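Shared between the two complexes below is chain A, which pairs with chain B and chain C, respectively.
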Partner chain A sequence: MLKRLGEKPDLTQTTVSVGEASYPAPFETGLEYAAPARGVWNIVHTGMLVPESHEIFICAAGCLRGVVLTAAEMGAAERFSTVAIRENNVLDGDMEELMIEGVTDILNKLQRTPRAVLVYTSCIHHFMSCDVTRCYAELRRRFPNVDFTDCYMDPIMRKSGLTPDQTMRSRLYSLLKPAPVDGMSVNIIGSDLQTYPDCELVQMVQQSGRTLREITACKSYDEYQLMATSYLNIAMYPAAKAGCEALCERLAHRCLYLPFIPDYDDIDRELELLAAALETNPPDASALRALADESLFKARAIVGDAPVAIDYTALSHPMELARLLINHGFNVTDLFLDSISTADRDAFLWLKRNYPSLRLHPTIHPEMRVYPRDERNTLAIGQKAAYFCGTCRFVNIVEDGGLHGYMGIIRLAELITDAFENPKDAKIEIQPKGLGCAGGCCL
Partner chain B sequence: MIQFAVYGKGGIGKSTTVSNISAALADAGLKVMQIGCDPKADSTSSLLGGRRAVTVIDLIQDRGRDSIELEDMVNIGYGGVVCVEAGGPTPGLGCAGRAITAALELLHDKGAYEKLAPDVIIYDVLGDVVCGGFSVPMRKGYAGTVFIVTSGENMSIHAAANIAVAVENFKNRGYARLGGIILNRRNVKNEQEKVLELANDVSTVLVGTLDRSEVVQDAEELGKTVIEAFPKSDMAEQYRGLMRSVMKACESEVD
Partner chain C sequence: MKQTSRIISTYAADISGVPSALFELGGMTVMHDASGCNSTYNTHDEPRWYDHDSMVFLSGMTEMDAIMGGDDKLIHDVCAAANELHPRFIAIAGTPIPMMIGTDFDAVARVIEERTGIPCLGLKTNSMHSYLSGAGMAFTAYAKRFVDRTLSRQAGSGRVNVLGLTPLDFSVNGSNESIRQLLQRGGLTPLSSWAMGSSPDELARSGLADVNLVVSYAGLSAAKYLKRTFGAPYVVGVPIGKEFSGVLINALHKASKTGECSAPCALRRADGAAPQISIVGESVYSGSLAAAIEAQTGLSCRVICPLETEKALMGFGDCLASDEDELIPLLYSGIVVADPLYKPICGGLTRFYELPSEAFSGRIYRKSIPNLIGKRL
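This part shows the complex of A and B:
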C-alpha cells in the first residue's frame, strides 16, 4: 500500500466507531508503523530477568542493532554479547561451528562465568535448518557448570504458533530444573513487572502461610531455581499463559490463569479460583467493591468531563476498563488497539450497544504516523494513547503495571488522579524502552 | 521403532524402491510410515493407487500451520502404509531444503510419531545432501541408518559418493550411519563391479541388488507397487529380499 509522497494522508483508516467496528480485527493489517512509545518490554529486557544470566544473540550485524541498543540503554551491556553471522558462514556451511565457537569464545573471555546463558538464534538458523540441538549439546559438554537455554529472535515465527512475546516468556522458565514440590510456595509466571503487593492475590497467598515467588523479585540464580519447588503457578499477563501451561506440564505444577480484568464479577470469579487452589476463603467482595467504587468516583470528581483515552499496551483488557470507567461516570472517548481479544469481547459488545460513538484507533496502521495528536486535554491511560493524543496528562504503565484485582482498580484510580493533577513530559517518559526495567529488579 | 532414510540421485528409482519396501513390510504385518522428502512429491503415489497426496507444504501455504491437523497431513495407502509428502516450493523459487525441515517439524509438533506409532519410518530423500534441510532426515531423532540407491551410471555413482561423504562428515554429530548401497541396475557395462568399488571406497556394503525389469514399469502404469500388482513375480521377491536385508542392517544398528 505504498503511496506517492506528497499526497494528502488518508486518515479515514485511523478511526472507526465501536458501533461500526468488526470483531476481532477492526482495522486492516499490512505495512506496520511503530509509534515512539517504547515502554513495552522486548526479548532483551525479559531475558535479563534470569538472575546471574548472560544473553548471547547470534545473527547478522544489521539485525543486532536494536537489541544492542536495548541492552546498552538498560545498562546491561556487561550481561549481553553478540556473534555476527556473515555471508561466508552461510556459504561455508559453518553456521553451527560459528555458534559453538562464538559462544565458547565469549564465555572464555567473560571475567565471571554466568550461571545461565540465554542463546538467541535468528531467522537465518531457521532458514538454513541448522542443527542447534547439536550445538547446545556441545556447549553443555564444554561448560557443564553453565545452564543453556534456547531463545529466539525470529520474526518469521510471528504469524504462526506462539508469538515472540509468548515464546520468550515461556523460555524464561525453561531453565528451572525439576525439584521436589514443597506445597508452601506459589509462583507468578511471566509478568515482567512485580505484582502490586497490596492486591488481594498477594495478600491471599501470604495469609495462607505460603511464599509468593516472582522472577522479578529473585536476586540470585539459586533463588530463581526455588521457583521449581512451588506447587502452583499463576499466569496474570495474557502472553504468559502458554508458557505457564508448558511449565506446569513439565514440572507437574498446578496452573491458574488469573488475568487483570477490570470487571467486578471477573475479579470475584478469579479470587474464588485462587481461594480454592490455596484452600482458603476469598476476601469480602462487597467491601472491596465499595472501596473500588469510592476510589473511582473520587478520581472521577477530579478528572471531571475530560476526555479519557486508553491503549492496549497499558492494560490487556482496554475494553473492560472502558466499560468500568464509563459506568463510574468517566468520559471515555478513544481506545487505541489493533485487535480485540476474546476476553474483551463481552465488553466490546456492551460498548457497541451502549456507546456506539466511542472511537477506536489502530496503533500500527501506517497512517497513524500522521494522526493529528492534538487532543491535549485528554487524560491518557498508556503511553501510546498519550503519544497519539499529544497529551501530557497520562498514566505511565505498561503490561498491566503489576495491577490485579480490586486493589489493582483502586491503585489505578490513584494513578489516574495523579496523572491528571501532575502533567508529565511525554517525550521524556515514553521513549525509553522497557518501562520499569532500568534500575529495577532485572539488573 | 526403526527409522531409515534412502538417498540417491534424482530419477534413480528411490521412490519405487522405497514404496516396494514399504509394501513388503506392510505385508509382513508391520505398521509403516513413508515420508517423501522431495519437491516432486511423488514418493508415495504407487502406494496410493497412483494418486498424488496433498503435501505438507501445500497445507502450510494454504491454511497456515496452526489450523492443520495430523489427519490432514497423512494418507493411508496399500497395506495401511501411512503416506506423507513433504512437498516443496515452486520450481525455481523458494527453498526445498527448508520445506523438508518445515514438514518434519510440523509432523513432530503434531505428535505424528507418538500418535501413529509406526514400527518403521522410511524417509525417501532427493539427491545429494545439498543443504542443511536435506540432512535433517539423517539427524538424531530421525533416521538411524542411511541407504543409498545407485546404478552403475557415472552420475549416479558420483551422487552416491557425495552422499556417503556427507554421512561420514556427520558421523561425529551422532547422525545416522551408512547402512549400505542398493544397486538398481540400469544394465550398464561393469555395473556390479563399479558399485562394489564405490561401496569399498566408502567403507560400506552392497546391501541389495534389483534387476532392471519391465514389471516395475508395468506396476507403475497401474499406479501400484510391484508387491501389490505382481506379488508372485521375481521382482516382488527381489523387493522382499531387499526389505529383509535392509531391516537386518537397521536391526544390527538397534542392537
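This part shows the complex of A and C:
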C-alpha cells in the first residue's frame, strides 16, 4: 500500500463559500491537476461521429499516445492513424512535406478509401507557421474522391479564441456540402450525446412534421450530408454554439441556441423560440411544470437531507441546477467548478444572496490532489463530484447527458433517485473515456 | 514511410517516464505543457493515479506563455504550489513547445530551488523520445542529487539495488516484490528498488550496494552513475523464468566478486539458427524473456526492439525497428510475442502470443499483464 510522503498540505485553496466567491473566477489559477474522472468526450470521440471517416493525427509521440489509445480503447483503431513529428522535422522545417507525404502514405495503405479524412495538426504546426493550406490543396489534388477537413489538437490555444472543444464541434460540420434546403428537417448541432426522444424539443420538431437530424444518429456519410438540407440548426451544448453559428452562416441556415438550463422560465422562453422557428405552438408549460415539480419532490423524498454535490462536467449550468434543487428542498452543499460561466451568473448571484454557505471547490487546483475524498454520504451529480466526495451514490452523466427541457428535469430526477438507491463503484464507472460513446453511437 | 502508423500504437513518451520514475518518492513533478496534456499520463501511463496522491501537475502553458517566454509564470506557479504542498523535491520536465522556444530547465530549476529552498531538478524531455529516456533521465538526476555520497560500496555484502522499475514496464502486479523475494532466495540483500516499493531513505543509501541489478534500459544510466561514483558493478536483466533467474543470480554474485558488469539479457544461443520466436518490446525485459525461453525450451529467440537501447544489451539476431513499415516484414510469420496492439500488423502466418505492456497499450490490457518473475514460463 503506497503512502503519501512529506508534510501535511495546508489545503487552504480547496474551498470557498459562494457568499465570498468572486465572479467569474473564484479560485487562483496556477499548476493544474487532473482528477481520474474521464467521461467527458475528447476530440477523437467527437471526430469519430462523422460516419465513414478516418482520423489522422500529426504531432509528437507524447501527444499521439493519448489519442491513439483513445481510438484503440473505443474499438476504432481501424479508423485512426498517426504521423509522428520528430526533432529533425522541427530542425529541418519540413513540416509540410511530412504532412503531405505522411497522410498520402497512410491513405495508400488503407484497404478502403475513407469518404472523409479529418487531419489533426498540433501546437507545433502553429508555432512553426506550417503552411497547412498548401498541404490540404496538395492532398485534395492527390485524393480527389476524399473530403479533407482541418482539425486541431492544439490545447496551447485554449485561451486564444475558440477552445479546442469548441473548434472540434465546429469542424465536425465543415464537411457538409451546400445543398438545397428543404424546410422539412431540423439539425441538432454539436451534441456528442443523442437527445432524449421524449423531450419537448424532439417532440415539437416531430409534431411539426419535420425530420430531426443529429450526427449521433447518422449511419452513413450520405446520411450525414443530408444535414446540409435542413433549414434550422439548433445548438444545445454551450461548446457547440460557435460551430452552429458558423455552419448557419456558411450554409445560410437559421440558427437557434437552446441550451439545457434547468430553470422553468428559461425552458419556457426556449420552447417559445423553438415554436416560432417551427411555426407551431409551444406545449402546455403549466402541465409540464407540475410534472417536473412532482418528479423533483418525489426524488427529494427519497434522497432526504443527504448532502448533494454537483460538478460542471455533468451539466453545463451547475449553478442553475443548484438553485432548482434547493428550491425543491434538496440539501445542496457543494459545487465543483473552476470558473463560473456567464450563463450561470444569475444563479450565482441568487445563491450568493440566498444560500451563501454553499461551498465551491476547484477541480484542477493542485491542492485538490490531496482533497480528503471522505464525504461518502453525499449524493453526487457528475463524475468529478463523485470522485472528490468519495461517494458511490452518483448520477453518472457528462455534457448534459442528452437532457433538455422539462422532460430533461424529470429524467434527471429519476437519475437522482436511481443514483441514491443503487450505489455504484466509482472507480470502475468514472474512469472510462467518452461516456456513452462505447455504446456504438459513434462507430 | 518512416514516422507513419496506419494502426499501431505509440510508446509512452519521455514526459511520462519522468513522473513514473519519481511517483513514489514524495516529490512534485511538473510537466511544462498545455492544459489537458497530462491526461495521457494519468489515464494510460500511471496505474497508481486513482488511489495514490502523488503530486504530478501540469503548468497549463498557453500561446502567450510560449510567445512571451513565460518562465516567470512557470516559476511563480511552481513555487506557489510547492509552498502549499511541501514536496520533498521538485522536478520540471519539458514538452515540444518548451523545446522549440528553448526553455532553460536547469536555470528554471535553480531559481525555484533558490526561492523555495526545495531541491529542484530540471529535465530536458520533449515528448519526442520514449519513456525510457525520461525515466532514465529522472533516475540519474535523482541519484546524483539524493544518493548519499559519503557512503561507500560494501564489497561482498550481497546488497543489491534494483534499478529501472516503473509500472510502464512492470505494471502494478507484484513484479517488484517478486524481484526482491527472488534476490533474497538467491542469497542477496535487496537494498532499494528504483523506484517502486522503496522509500526515499532507502534510495539515499544506494551507495552501500555491492552490485546493481538493471531491470530496464531506464535504469542503465543511473547504474553507470553509481558505478562511477561508488564502484558498484551492474548486471542487466530481469529474472524471468526459473533457469534465467538462476543465471542472473549467479551473475550478480560474480559481479560482486569481480566488480565487472555484465548483460545476461543479451545471451542467445548464437548458433546461427533462424529465430523461431520474435519478441517485440523493451530491450532488457524482452531480452531476458528471450534468454529465459531459450534456456527453458531450447527454441531460438530474437528481440525486435522498437525503443532506445544500447548495442551491449542486444543479443545475436536482435534488431531495432520502430516504424510500422520496418516492423511488418519482421512480423510476417513465425511465433510472435508482443503487445496485443501489434497484432493488426502481423502476417497471416504468424502465431501471436499476447504479452501486454503498459508502455505500449496503456491501461487497455492492464489486467492481463503477467508477473513472470522467477516463474516457469
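By definition in this document, the second predicted complex is superposed on the first by the 437 of 443 C-alpha atoms of A that agree within 3 Å, B and C clash if a C-alpha of one lies under 4 Å from a C-alpha of the other, contacts with A are read in each partner's own complex, and residues count from 1 in each chain.
Simple rule for what comes next: a residue touches a chain if its C-beta (ideal position, glycine included) is under 8 Å from a C-beta of that chain, and two chains touch if they have at least 3 such contacts.
Not measured: the values here are computed from a predicted model.
Participant: So in the superposed three-chain picture, is A:T29 touching just chain B, just chain C, both, or none of them (first/second/both/neither)?
Facilitator: The answer is second: A:T29 touches chain C but not chain B.
Participant: Check the residue A:D131 against both partner chains and state whether it touches chain B (first), chain C (second), both, or neither.
Facilitator: A:D131 sits against chain B, while chain C stays out of touch.
Participant: Residues of chain A touched by chain B versus by chain C: which partner has the larger set?
Facilitator: C
Participant: Between chain B (first) and chain C (second), which, if any, makes contact with A:G93: first, second, both or neither?
Facilitator: A:G93: touches chain B, not chain C.
Participant: After the superposition on A, what does A:A84 contact: first (chain B), second (chain C), both or neither?
Facilitator: second
Participant: Using the superposition described at the top, list the residues of chain A that contact chain B and also contact chain C.
Facilitator: Shared contact residues on chain A (touching chain B in one complex, chain C in the other): 127-128, 159-160.
Participant: Any idea which chain B residues touch chain A in the complex?
Facilitator: Where chain B meets chain A, its residues are 64-66, 95, 97-98, 100-101, 131-133, 135-136, 139-141, 173-174.
Participant: Using the touch definition from the top, list the residues of chain A that touch chain B in their complex.
Facilitator: It comes out as residues 93, 127-131, 133-134, 159-161.
Participant: Could you list, by residue number, the parts of chain C that touch chain A in their complex?
Facilitator: Contact set of chain C toward chain A: 1, 3-7, 9-16, 24-26, 30, 34-40, 42-45, 48-55, 57-64, 66, 76-78, 80-81, 84-88, 95-97, 99-101, 126-130, 199-200, 341, 344, 361-362, 364.
Participant: Okay, in this complex, where on chain A does chain C touch?
Facilitator: Going by the criterion above, the answer is residues 2, 4-10, 12-13, 28-34, 36, 38, 42, 59-66, 68-69, 72-73, 77-78, 80-87, 90, 98, 101-102, 105-106, 109-110, 122-124, 126-128, 154-160, 164, 366-367, 369-370, 427, 431, 433.
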